[in-house]
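The first chain written gets the first letter, and so on, giving A, B, C and D; residue counts start at 1 in each chain.
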Amino acid sequence: MKKKLMIENQEIEFFILKDQDGEVMIEVDGQKFDFKVLKSNPEHFIFSYGGRNHFSNISPSRRSGVIVDGKTYKIGPIERGGAASKGSDGEAMSSPMPGKILKLLVEVGAKVSKGDGLLIMEAMKMEHTIKASNDGVLEKFHYQEGELVDGGVELVELKGMEEA
Amino acid sequence: MKKKLMIENQEIEFFILKDQDGEVMIEVDGQKFDFKVLKSNPEHFIFSYGGRNHFSNISPSRRSGVIVDGKTYKIGPIERGGAASKGSDGEAMSSPMPGKILKLLVEVGAKVSKGDGLLIMEAMKMEHTIKASNDGVLEKFHYQEGELVDGGVELVELKGMEEA
Amino acid sequence: MAEIKKILIANRGEIAVRVINTCRSKGIKTVSIYKPEEKDYPHALLADESICLGEGTLGETYLNHDLLIEIAKKLRADAIHPGYGFLSENAAFSSRVRKEGIIFIGPSEDSMKLMGDKISSKVKMEEINAPLIPGYHGDNQDPAFLATKAKEIGYPVLVKASAGGGGKGMRIVRSEKEFNDSLAAAKREAMNAFGDDKVLVEKFIVNPRHIEVQVFSDQHGNHLHLLERECSIQRRYQKIVEESPSPALTPEIRKEITETAAKIASGIDYEGAGTVEFILDEDGKFYFLEMNTRLQVEHPVTEMITGLDLVDLQIQVAEGKPLPIKQEDVVARGHAIEVRLYAEDPDNEFLPSTGKIERVGAPSMPGTRLDTGFEDGNEVTINFDPMLAKLIVHSSDRHQAIEKMKAVLPDVPFYGVRTNRDYLMRILKHPKFIEGETFTHFVDTWKDELGPNEISPEEMAKAILVYLKAGQSTLGGANSGPNKNPGPWERLSSLRNV
Amino acid sequence: MAEIKKILIANRGEIAVRVINTCRSKGIKTVSIYKPEEKDYPHALLADESICLGEGTLGETYLNHDLLIEIAKKLRADAIHPGYGFLSENAAFSSRVRKEGIIFIGPSEDSMKLMGDKISSKVKMEEINAPLIPGYHGDNQDPAFLATKAKEIGYPVLVKASAGGGGKGMRIVRSEKEFNDSLAAAKREAMNAFGDDKVLVEKFIVNPRHIEVQVFSDQHGNHLHLLERECSIQRRYQKIVEESPSPALTPEIRKEITETAAKIASGIDYEGAGTVEFILDEDGKFYFLEMNTRLQVEHPVTEMITGLDLVDLQIQVAEGKPLPIKQEDVVARGHAIEVRLYAEDPDNEFLPSTGKIERVGAPSMPGTRLDTGFEDGNEVTINFDPMLAKLIVHSSDRHQAIEKMKAVLPDVPFYGVRTNRDYLMRILKHPKFIEGETFTHFVDTWKDELGPNEISPEEMAKAILVYLKAGQSTLGGANSGPNKNPGPWERLSSLRNV
């Protein structure tokens, strides 16, 4: 599945060709890169690439970028500009960090108000309630209960109500 | 209200005589102590006492003690030994850190099973679900929705079911 | 001799924290001051006592003489440390403090006045034979006379409007035959820009380096130097990389420049910590620029290579004690580099940036030091200096110090604000910096090469990996899954195929 | 001269991390090794390449000569650094490594063998006139003869079973008239305990101090000392507090003891880093104990006061380079103290403790260093050494170093395991320690005073406050509520009533 992220104001397309037991293969620009995740904690993230250990870390909010091999990259989801993906108060309905979907709190098709809990995910041993960023109708959950999700991934599709 | 905590294997009785706007007065052994909280974050806790700033910190789990003015103290709730206050798997149904009660999830008198969510509290900007440590009947919530609670405080009374 | 037991720190941020730290080791109590918006900043919390200055302008708070003295007296501080900036070179304040019977940790009022004035300081320097940039600053504006002066000074020379500034009415003249045309052009520009065509003629330094010497004097006539610092790497006239020893100094020049600085300290009967700044030209000649009569931002570089605590020395001198070291005890050991982390955008004219700091971080290697006035959760606003921190490393030699700095810079992300960290990294990796070809125009000369690099697909893939996967605290159970921990022989046999 | 480009570190924990750090600065690639249960430990992650040794005993893993050499060869490491402990003093391993064409970073096989043996080392020391504890170790057991020997040695003397250990068959004899009775008692005990009543007679050192001298030698006949360390504070025969300079040495004794150590290094034609351990008595006389032919745990103390990087020097020497310093460049600057943090219960016979580390922390002041092989989330098990970390401080003098250590010890809680941190704090606060009255029996002599203190109601109230309130990241809105930020005048006027 093709995915997209913004890196330093460029829209970058990539594929995850493998993601299992800490082994991750990512394809960018027709080139494939094999990584092995060695350690991940709030302070640093260490992976192996080309037989060498590489050091990196990520901002706690995940919004201020990552530092890899000493270089900083602004990286984040594509800004759609639409109300559905980003609320007026700037709260995105995406996973704050990698984790597991614990519970879906509303039915697909339900009308929800800004601030309503939509789903609960567990990450870093804490539970996080993902709330509606604006009033609307819940169109779709991208993940089901029990599924593992990456960080920064959109979790729901919420159709905004015009002049609600 | 008289309160109790274990400090280094001693059961210590104390009173909170004031707790407002960061000003806290604690009575121990007939003596009153006036504190002003200056700063609290995961790495350190700074308070003023006797006109001087004092430095302290607490273990992330709150179970491995506190360090105040360079000295370590083992401190925690009184171990009752009963099933009600501590589950067999060691998960206490007490507040993991200071915060606010967001939502009570079950009715008083309800039968609950081990692992059922009993209430949600908010602390450190995260939501935490307090779960039943064993099967039983919910006897009492010690706090109502919206109330602020200290860390390490018992939140519910759960009467265990004999040979359930 | 008066023993100091409590110090009011009339400053904020990293320098207040730095002074507090030495006081903690010395068992001296500290009082710090802060504005309401700074109540969560380290300098407001780390002192034994802290006083909120209330709302108001700088003049009503940090620069308020009456208020500071009132605080010092009420809390019975027997000394005031002014840090750098703020009131540190304010002769009137230092004099007022002393009149109130409080020790001012700094030089005499007279030293501050003398060296704080461009004219009087240069007159004094001539008197004690300190080297000044050769030039003619007089009233005779006859072109033939000025041409003679230019020849005496030696080409290249700089013709500069006396009333000038901003490069207007300024010409670099490289040979005698260009002189008359350039002089005329400079005078025309000067008249247009400032309504005054008077010019001065000075030696033009082609590849100047900024070399400064730390000096220290006590009340007993001992005047020492604590070696040099090179601070040539500057942006917008502010130092961003400082080091010691300077890669440009031969032992002979080092001896000459440090002895000159100590002679200046002695010649003005100085007291306490001071810095004599020089310009060094390509031929190893150096010229006095100015003297800062206070602790310098980059003093940790000197502390790293000499093993001395400059604030401790300041306090001892202020107490009237003789300096506890002799000139021959001052020996450089290894190499130290400091970089200044700023909240700014190096790719957009170094404009200051603001934000809330998500994580400061900490350098992970020994022989490193982070001096900062911020901690996680603090706001970086436009109300104060945009310097976030000074990161200092010490190592056996310059090469190892550069490598160590490159290794620890990523440890202090200051996530939440845009910083110059990547820009500093590009400087550290620049071949000319590595060769020690550090001149004050370094940042302008290599502007293009110091800009942001293209991002390769490999870098993108790594950034994506980190963004998608970082933050998970565990990676499944230990040793679960196939090949989680291959034995060494398997690992080695798989290497055979590499 | 062979340039080292990649080093296999045949060790683990903090010393592996420490070697990696110097290699990072030098641009030397590193290979680290680990057992499966250590895959989340820093030493397994910080190297450029890391190899899992698989499950097994120490002999099958860290001490497996074949395996280590295979790894070094396969990954093309041109040198092996053995750290301390493990294979660092194993002559057979060092010889094997060298035979395989790999550089062993350490002394020659001969030096290791010579100094690793109690008898041969003492014979060699006598040969080069190094001072040994006066005594008679011979076969003549005639009481009258032994009494003569005791008198020659000078009272007090120690009569000790030659086959002995554990204090059995041992008597301190304080005067001539006690000698015969004590000798008979010792011989009886020796016969009962070991079936052999042979004894030796040695000078008894009343208040012994452990003083050791760091030495460094290159392949070109240069033998330097890097000053002394005092390591008298020990528990269960292990050092827990080390410092330099020693408070006990006069300049004269320092000169004598350091020159003696350098003479020993020269006398045995040593190479690399070594430590000569001495016992110092109350009269300033010192006696050779043993020599450790490797890097010492407490080497950072020396690095702090000399400004040198000992691992860097080790690598340079191993490459065949001459030492880059001369004896006169080695100058002590200020004072350094190291404490060893152990996972143990000092109030229960120092029994090792285990647990999962919730937070390591980091020292918050400049001039400090934490060398540790652990990070948050790591398990402390009984499988490896219970040393959690070494915390080292440097300051202007001993008093300031002690204060700084007291200030930063709470910064490294190692929450999750019981540690000796509070116990170390009690040592640092003990008046005898502060006075420098540090003898090897310090911990036993002041056992009661070093025990846990009573907790006062004030301390209880503070602990309760922290327990109930710490962990909140915000305290309401900024400046909300009454009197949140009183202006300075209000604050000052309220002080008037204090």
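Simple rule for what comes next: a residue touches a chain if its C-beta (ideal position, glycine included) is under 8 Å from a C-beta of that chain, and two chains touch if they have at least 3 such contacts.
It should be emphasised that the depicted structure is a prediction, and the values quoted were computed from it without experimental measurement.
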Next item on the list: Could you find the chain whose CA centre sits the greatest distance from that of chain D?
Entry: A
Next item on the list: Write down the chain pair with more C-beta contact pairs when A-C is set against A-D.
Entry: A-C
Notebook entry, point to check: Where the centres are mean C-alpha positions, what is the separation of chain B from chain D, in Å?
Noted result: 41
Check: Taking each chain's centre as the mean position of its Cα atoms, how many Å separate chain A from chain D?
Finding: 48
Check: From the C-alpha centre of chain A to that of chain B, how far is it in Å?
Finding: 33
Notebook entry, point to check: Residues of chain A touching 2+ other chains?
Noted result: 39, 41, 43, 51
Margin query: Can you pull out the residues of chain C that are in contact with at least two other chains?
Written below: 39, 377, 473
Item checked: Topology of the chain contact graph, where touching chains are joined (line, ring, star, complete, other) -> complete
Note to self: Which stretch or stretches of chain D touch chain B in the complex?
What the structure shows: 358-359, 361, 406, 409-410, 413, 415-416, 421-422, 425, 452, 455, 457-476, 481-484, 498
Margin query: Show me the residue ranges of chain B that touch chain A in the complex, using the header's touch definition.
Written below: 126-129
Next item on the list: Spell out the part of chain A that touches chain C in their complex, as residue ranges.
Entry: 5, 7-8, 10, 12, 14, 16, 21-22, 24, 26-31, 33, 35, 37, 39-43, 45, 47, 49, 51, 54-62, 64-73, 75-76, 97-99, 123-125, 150-152
Check: Which chain A residues qualify as touching chain D in the complex?
Finding: 38-39, 41, 43, 46, 51-53
Next item on the list: Going by the contact rule at the top, pick out the chain D residues touching chain A in the complex.
Entry: 39-40, 45-50, 375-377
